[in-house]
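So, here's a batch of structures to check.
Paired with chain B in one complex and with chain C in the other, chain A is shared by the two complexes that follow.
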Partner chain A sequence: MPPRPIDGTLLKQGAEAHVYRSTFLLPNVPCLIKVRPTKPYRHATLDMRLTKHRCVSEARLLNRCRSMGVLCPAVYFVDEKRGEIIMEWIEGPSVRDFLHDCIDGASDPGKEEDNVDVRLDALMENIGQTIGKLHDIDIIHGDLTTSNLMLKHRENSGTTSEPQQGSQALLTADTSLLDFDVVLIDFGLGQVSNSDEDKAVDLYVLERAFLSTHPRATRLFDIILDSYKRNCLGSAVVLRRLQEVRLRGRKKSMVG
Partner chain B sequence: MTIAIGLEGSANKLGVGIIRHTPSKPAEILSNIRHTFVSPPGEGFLPKDTAIHHRSWVVRLVKQALKESGATVKEVDCICYTKGPGMGAPLQSVAVAARTLALLWDKPLVGVNHCVGHIEMGREITGADNPVVLYVSGGNTQVIAYADQRYRIFGEALDIAIGNCLDRFARTLNISNDPAPGYNIEQMAKKGKHLIDIPYTVKGMDCSFSGILGFIDAYAGEMLSGAEKRDPDTGELITPEDLCFSLQETAFAMLVEITERAMAHVGSTQVLIVGGVGCNERLQDMMGIMARDRGGSVYATDERFCIDNGIMIAHAGLLAFQTGFTTPIDESTCTQRFRTDEVFVKWRE
Partner chain C sequence: MPTTLSLPHLPSNYRLHIALFTSVTNAAHLHSQLLAKNPEYEYAFIDPSILVSHLQPISACFRAIRDLLDPDVGLRTPNVHSETVFSLSPTHNITDSYRRFGISPSSAAVLAIKILDTSLASYSESNTLERLTSIVEGTEVDFDTKDIRKLTDLIKVKKYYKLKDMGYVDQLYKKKGRNIEEKSEEEAWRDLEVAVLGAMALRSLV
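Right, the complex of A and B next:
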């Protein structure tokens, strides 16, 4: 089916999908439209199979997460033949942007580093908890990067009445980071699986994304793992498996 | 003006190349020759036999390379050899040859990372300035981008390499290893037209090929033992050519996808394909379509530089040598495991 023109603002033209900001049914309900365009480099049959499968699977995973209490955008509408998902708009910075601002900001002489560190630690704790919960309901995200973790102001916390925008607001605000929820987005490569291997690879992908984007972030990732260990029921086996995946991924036999 | 001789033998190709660098000029290839150990159909190359092949050919190749280059031993500034990664026994044979030459001619040694050799040669030949590199060969599948004096690995195959997957499937179908199993699969794939459903495994910027191999091996096994497989839409028989076609289409789509992800991640529009599988024209085409969609272009080289060769070792070694790097003789070991990101790239900004 041919793509339709999207009524909205193109926000991001990623490798996999185009993301638009628009409104859903009412002009005051913001939404996000995710479209997977056809990839002309792939065989048409393979392209259709992948687009359809990823679209449906993403919508199903989002629903499953939401019903099991893992925070993610709500699905409003799915058109799998056109490769479109219309979903809830999440207001807030990605963890990636937030970390960049924190790490850059921490080198400013005016900022209190300790304060930033405490906030970061709390955030890492929260991320570990969220991923732990996700894995406990047997969902594998498949593309855990810091760009796919968003921060959303908690609606029912009474500390601030005005919604804050951007990570600078988060950094400078007096409120603790615990007023912010970690929201998982982009389940395009996700799947349902209870295998330790899949969960370990999920963590490995995050670790790699973390360390390649933020070379100094080893300590932060350790906090995530520690929090995961405490908050996920099957964590012991998964973390043992992670050691194996690291060894195999990093030091597999490489013949030129 | 500096001249280096490079010795490569990390897998079944033994290569000797001689290169000359002149400041502010492109590198000059004085000679670049190769001899390949070809195993019979249905068999891979074993480390022991490959090492014997390299030992018995290295002297002839060095002599011939020198003769073709027109350079004299006196003009050579350093001896570069592949330190790793690769198969142990073949690497050792070539390291011994390099050490011998260094002592015989009294020249400094430079140990080179094989993957960095591929990347630097690709950049030199194509003129790609700061590309995302897809390195695909029999032993490696990596998506690499340069940052802060290192070639950083953004994505890679979590289990077997793409070339290994193709080589092993060629053995299942009993396809000839001459000139290369991957080349013969490519030729057969050109005649295939039915796409069969093969597992497609991308995890973030990483991918996996063992599931694909297991699936298509089993599928081919059933066909070889007489089972009739038909395309569900047309009812036509599935041929071995269709299998090669399906394998390439699926596996290469995965490679292009992870490369595109890395390009989006680092904000680059150039792609450079290196390594033996990089010769494959279908892979180059697919990558080209993707890169053009992103407003960029693909850079690839032909078999002289894609497939393992001595000149890339000479080139990367000479780049390091010019920054003052040498490998003392008592440290001139080789290693099967040598990550691309372990090398400190002093010669780039």
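Right, the complex of A and C next:
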């Protein structure tokens, strides 16, 4: 498949895909284009099959999630032969950026630390709830990290007249975190599964990501687990399994 | 006034002319001309009751033009206009898609779309617009989401786009006795819109 130039601004370039910001159909509909470029070192047929397969599975998961009621970008258009997905643009900082700013902000002498803590707790509660929902519809994200969780301002909250941007806006005193939704992005490694093992591993991956990036994370992650426990219908079995996973690591079968 | 658009990610010489009509009186005539394959009547005539937003028909045009220009894909129906109607469908059944998303002899409202390559010598914007507004006998209304939603038949939309799983988690939680915030009307429409766009986008993957 010949590569086609994408009309948009390149935002990120990973090992698997390039991500562009652009518009879909009308100038007032912002979108994100995720392209999986061909890898010249791979056999052409294999490359096409892999690209197509990953693109298709990601698009299906996004669509399933969104229509069943878990927040994630909506799929606007798929060109599986070229490995392109056009999806909804999510405006807002990632939880990772937000946490960094929060922790930096908290070390400022001018800021009240308690205030930040209350907000962080609310955010963690929200994350736990979102992951619980995701697992209740039997979807495994596969790569739960704080960069793959975004914060989106709720459109009809009515308190702010102009949309606020960036994580600094979230830290301002009059913004309550309750006006924000947690949106899951990047289902490139996702799958549909109802096994407790897969769900536990999903949580374990998030735990590792959390503990390695944020110094105060243990307490925060406990809030996530607590919220998950209360909100996810099948949480008891999954959390029990999580104990086992913690002892032995992510790979159960020890193959590969 | 008909809406004229050219779409991002497509060659700029492709242009869409779109007009929405209510109280249509000649749907039977239009339908018979389509069946007779009269080239004078080569338009995408869409039944607006299956539309939930103005993005939906434009997205169908986008898919149709992309398939037209892509040598590896190509059209699966006779022309780009019939392909537009077919592109509204979440399944591969062409006959069904015409019947469900195209007009019927009894349609009282019609969305007409003409897709043209403006680089052709025969293209004339004023002629096209004049023909577009006169081919359907009815009252022209604005082509925007507000007017389209007045015509939407939600039962048909949910059936044709197989949306029975929509909002599944919230319903599940409600059944378990949890308090679920009711969505505002605007949010509910937005959810429906993205569910429909998603179903159309995923057609090729079915």
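What to note about this one:
Everything below uses one rule, namely that the second predicted complex is superposed on the first by the 238 of 256 C-alpha atoms of A that agree within 3 Å, B and C clash if a C-alpha of one lies under 4 Å from a C-alpha of the other, contacts with A are read in each partner's own complex, and residues count from 1 in each chain.
Methods note: a residue touches a chain if its C-beta (ideal position, glycine included) is under 8 Å from a C-beta of that chain, and two chains touch if they have at least 3 such contacts.
Fair warning: this is a prediction, and the values are worked out from it, not measured in the lab.
In the superposition on chain A, A:56 contacts chain C only, with no contact to chain B. Within the superposed three-chain model, A:26 lies in touch with chain C and out of touch with chain B [touch as defined at top]. Using the contact criterion defined above for the overlaid structures, shared-chain residue A:209 touches chain B, although it does not reach chain C.
Of the two partner chains, chain B is the only one touched by A:248; chain C is not. In the superposed model, A:76 makes contact with chain C only, not with chain B. Once the two complexes are overlaid on the shared chain, A:137 sits against chain C while remaining clear of chain B. In the superposition on chain A, contact of A:7 is made with chain C only, not with chain B. Judged by the document's definition of touching, no chain A residue lies at the interface with chain B and also at the interface with chain C.
By the touch rule above, chain B contacts chain A in their complex via residues 8, 10-11, 82, 85-87, 114-115, 137-140, 148, 152, 154, 156, 158-159, 161, 195, 197, 200, 202-206, 249-250, 253, 256-257, 260-261, 263-265, 285-287, 289-290, 293, 308, 336-339.
Contact residues on chain C toward chain A in their complex (touch as defined above): 5, 7-9, 55, 58-59, 62-63, 66, 72-73, 163, 165-170, 172, 176, 184, 186-187, 191, 194-195, 197-199, 201-202, 204-205. On chain A, the positions that touch chain B within their shared complex are 14-16, 39-43, 45-46, 49-50, 142-145, 189, 201, 205, 208-209, 212, 215, 245, 248-256. The touching residues of chain A, counted against chain C in their complex, run 1, 6-7, 22-27, 29, 56, 59-60, 62-64, 66-70, 74-81, 86, 88, 133, 136-137, 155-156, 233.
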